[in-house]
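To start, the structure itself, in C-alpha cells.
Chain nomenclature is as follows: A, B and C, assigned in order of appearance, with residue numbering initiated at 1 for each chain independently.
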Amino acid sequence: MRLLPPIPDRLKPAPKRPGTAAPQKPLELVQEAGISAVDWIDERTSLSGGLRWLLFRKVPKGTNWFYTLGSATLFAFLSQAVTGVFLAMYYRPDVAGGAYESVRYITNYAFLGEFVRGMHKWGSSVMVILVFLHMARTFFFGAYKYPRELNWVIGVTLLILTMVMSFTGYLLPFDQRAYWATIVGVNINGTGPLIGPYLSDFLRAGPEFGATTLSRFYAIHMLLVPGLIAALVGAHLYLVAKLGTTAPPWLKAEHKEPELEAKAKA
Amino acid sequence: MPDERKPKKSPYTADRNMPGAFEGETVTRRRFMTATVHGAGAVAASAFALPALAFALGPVFTRQKFDWQLVGNVTDFPTDTYIPRVVAIVAGIGEAGKSTVYMRRRNPAFDKDKPDQYNRIIAISTRCMHLGCPVRYVEAAERFICPCHGGVYDFTGQRTGGPPVRPLDRFYTEIRNGNEVWVGPRYSVNSELHRFSPRDPGEDTDGIGQYLYPARFSTPKK
Amino acid sequence: MNQAEKEQYLREYNILKSQGKPFFPYAVAKDSIMAVFVLVVIIVLSIILGAELGPKADPTTTTYVPRPEWYFFFLFEVLRVVKPPALTPFATIGVPTIAMILLFLLPFYDRSPERRPERRPIATTAGILTIAAMAYLTFLGASAGSPNQVDLKAPKDLHGTALAQFNAGKLVVGQSGCLACHKIGENGNDGPGPELTHVARDVPQNAIAQTLRNPTAPMPSFKRLATQQPQKFKALVFFLGQLK
C-alpha cells in the first residue's frame, strides 16, 4: 500500500494497551459498534483503500478559492437533481392543458411549491454561471494542457449537456415563453443541412409540435441527460483524482530542496 | 511489436498438438469462445437497443393526416386585407395544436402566381420563416412583422427585410359547395411561389437550399 | 509539448503536490463553504424572485413577443444582427458548431507547455475577447425591445396637447410596425429602411407626410391611414417631426 497517501495520525486507532478495561461507558460502546460496522463493510468491499486514495491525496501548494468552482458546479447539479425529483412528483407532461395546470398547482397551491420550483429555476441559472466560471478558470490557468486534455473534452461535453438540460427544461412549464423558445430552439436544429429537418422531426416526434413532444422533452430532461451527466461527472472526477488538481500556473517548484525532489521521484 | 524470438505459432490446431484437432481446423477453443462473447453480446445489446431506437425514431417516418376544416364563406374574406382564422394543425391536443392563418380572397392585382383550385383564397401561415416566431399582420404598414429577430414580409408574404430565408408558408384552400371555404395542410413556397412540401422555418427553398433541406416523411399530404 | 517538456511538467507538478496539503479536510473545507454559499444564493434568489409562471402557451397568438432565458440572450442577439438570409444558417448552426469544435479541440491545437496566463498572450486575449463579446451580446439581447413599442422620452419643451400628440404618434409608430424596418433611438431594426432617430433634422414635417403618402418601394404607403384615420396620421407625422 505504498502508493496510497498516509492516513492522518488522529484517524489511526491506538493499539490497545495491556490492562485496559473493555469499554463500559455508553459512548465508548457506540463508538465500538460504529467501528465494527465500518470494519464489517470494509472487510467485504475494501472501500477504505479507495476512500484513502480519494480523500487523503495531496492537493498542490497554492490551491485557492478558484479551485472550488468545479465542486460548486457539482453541488448545484445535486441540488437540481433533488429539487427535480420532487417537482416530478407533481408534474404532468400533458400537452392538452395538464402540464400548465400542474405547474400552476405547484406554484400557487402546493406547500413550498413556489420555493422548490424557484430553487430549480434559479439553480439552473446558477449552475450555468458556475459551469462557465469553472471553464474560464481552467482556460486561463492552462489547466487543459498535458496530461489533462481528456478531462477538458469531457468537461466541454458536460457544458453541452448542461445547455441541453436548460433547453429541454425550459419547455416544461408550458407557458408562452416556454412554448415559443422551444419552437425557435427546435427550428435552429432544423437549419442543419440534410439531417436538420429529420432531427427536428425526431425532437418534436412529428412534423409539428404535437401530442408527445412534451413527454419527449420531459424524458430527455429527467432521464436521458441527467444519466449522461452523472456518468460523465464520475469520469471527470476520477480523472481529477487520478491526475491531481493543477497547481496555480505562477507557482514554480523550488529545485533547491533535493530531498523533496527525491521523494517525489520515488 | 511482435516478439521475434518466439517461434511463430502455426494457425492449424493440428500442428499445435491440440487434442481432438481436425485436419485443416484453425479455430481454437479460445478463439471460438471469444467470438461467442462478442457475437452474443452484440445480439443481446441490439435486442433492446434497436427496437428502442426504432420506437423513438418512429414519428420521423410516420405520415401525419390532416383534416380539412371549414373556416367560413367566400364573402367573409376581403381582397385588400387579411382576416385571421384559427385552424387545428394537430388534432386531439386542444389549444396547443392550433395555429392562426391570415386569409383573404385572391386579388389579381397582387397575386401573380398561377391560379388553380387551391389558391382562390390565399391563406398565409403566422409562423415566421426565420425561426418560427408568431408574425402579425400590421394593416397600417401592410406588412407581416416578426417580433423576434426582425423579419418583415410584404402583403403577399414575400420577405422584404430581416433574416427570413423564404416567403411565409401558405395553406391549401378550396371553395366547396359554391361558397364554403375549406383549409387544408400547410405548404412552403419559394420566392417565385412554387409549391414545396411543408418545410420547417429557417430552411431555404431557393437555389441549393431546396436540396440541402429535403422533404420529410412525416408531413401531411393534401 | 515534447517528451522532455512533459516529463519536466510531471516532475515539477509532483514536487508542488508533495509540498501541498491533503485534500481532506483542507480543500474539502473550502469546497463546503463554497457549496453553502451556492445554496444560499439559490435560496435567496428563489425567495426574492420566486418562480414566475407566464400565461399559458398559445400557438395561435400573433401579439406575443418571444424572448429567451437570459443565458441564451447572446445567441438570440447573434440571430438578430445577422440580417442577410443567405447567412441565416451560418448564424443558427454554423457559428455555434464552429465555436463548439474550437472548444472541444482546444488542448489539441494549443500544445505549448506554458501555463501562465500573462505568458500566453494569444490565448488570454482570445479568452477575454470571447467573454467580452458574449457579455456585450447578452446586454444587447437583453435590451432588445418589442417591435410594437417605442421607448422614447418626449422632448422637454413639449407640453399639453403637443405632448399628448407626441405620445399618440409614438403609439401609432409602434402599432404600424415602423420599427420592423427603421431604427428610432434604441428601438427597432437597423434596416432595410433608413434610421429615423434624427429624421426631422433634414426633412421638414410636410415632406415627412408627403413621403408617408407616396414612399419609394419597398416602403408601404400610409395613404389609407391618412384618409381613413386622419387623427392617427397627424399624430404620426407630428411625432416623426419631433425627432431632431
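Annotations for the structure displayed:
The rule is short, and it goes like this: a contact is a pair of C-beta atoms (placed from the backbone, for glycine too) under 8 Å apart; a residue touches a chain by one contact, two chains touch by 3 or more.
Source: prediction; values computed, not measured.
Number of steps on the shortest path from chain A to chain B, with steps defined by chain touch: 1.
Chain centres here are C-alpha means, and the one lying farthest from chain B is A.
Looking at contacts between chains, the pair that accounts for the most C-beta pairs is A-C.
Annotation: 36 Å between the Cα-based centres of chain A and chain B.
If you average the CA atoms of chain A and of chain C, the two centres end up 30 Å from each other.
Chain C has its Cα centroid 30 Å from the Cα centroid of chain B. For chain B, residues that reach two or more other chains under the stated contact definition are 95-97, 131, 133-134, 148, 202. Residues of chain C found to touch two or more other chains are 56-59, 61, 64, 66, 88-89, 92. Residue numbers of chain A whose C-beta contacts span two or more other chains: 97, 174, 179-180, 183-184, 188, 191, 193, 196, 209.
Within the complex, the chain A residues that touch chain B are 95-97, 174, 179-180, 183-184, 186-188, 190-191, 193-194, 196-198, 200-202, 204-212. Across the complex, chain A meets chain C through its residues 5, 8, 54-63, 65, 67-69, 71-72, 75-76, 79, 97, 100, 103-104, 107, 114-115, 117-123, 125-126, 128, 130, 136, 139-149, 152-153, 156, 159-160, 166, 170, 173-181, 183-184, 188, 191-193, 196, 209, 244-247, 249-254, 257, 260-261, 263-265. Chain B makes touch with chain C in their complex at residues 84, 86, 95-100, 126, 130-131, 133-138, 140-143, 145-150, 152, 154-155, 159-166, 202, 204.
The touching residues of chain C, when paired with chain A in their complex, are 1, 6, 9-24, 26-28, 30-31, 33-35, 37-39, 41-43, 45-47, 49-51, 53-59, 61, 64, 66-72, 88-89, 92-93, 100, 103-104, 106-108, 110-117, 120, 123-124, 127, 131. Residues 56-66, 76, 79-80, 82-85, 87-89, 91-92, 146-148, 172, 175-178, 180-181, 189, 191-193, 218, 220-222, 224-225, 232 of chain C are the ones touching chain B in the complex.
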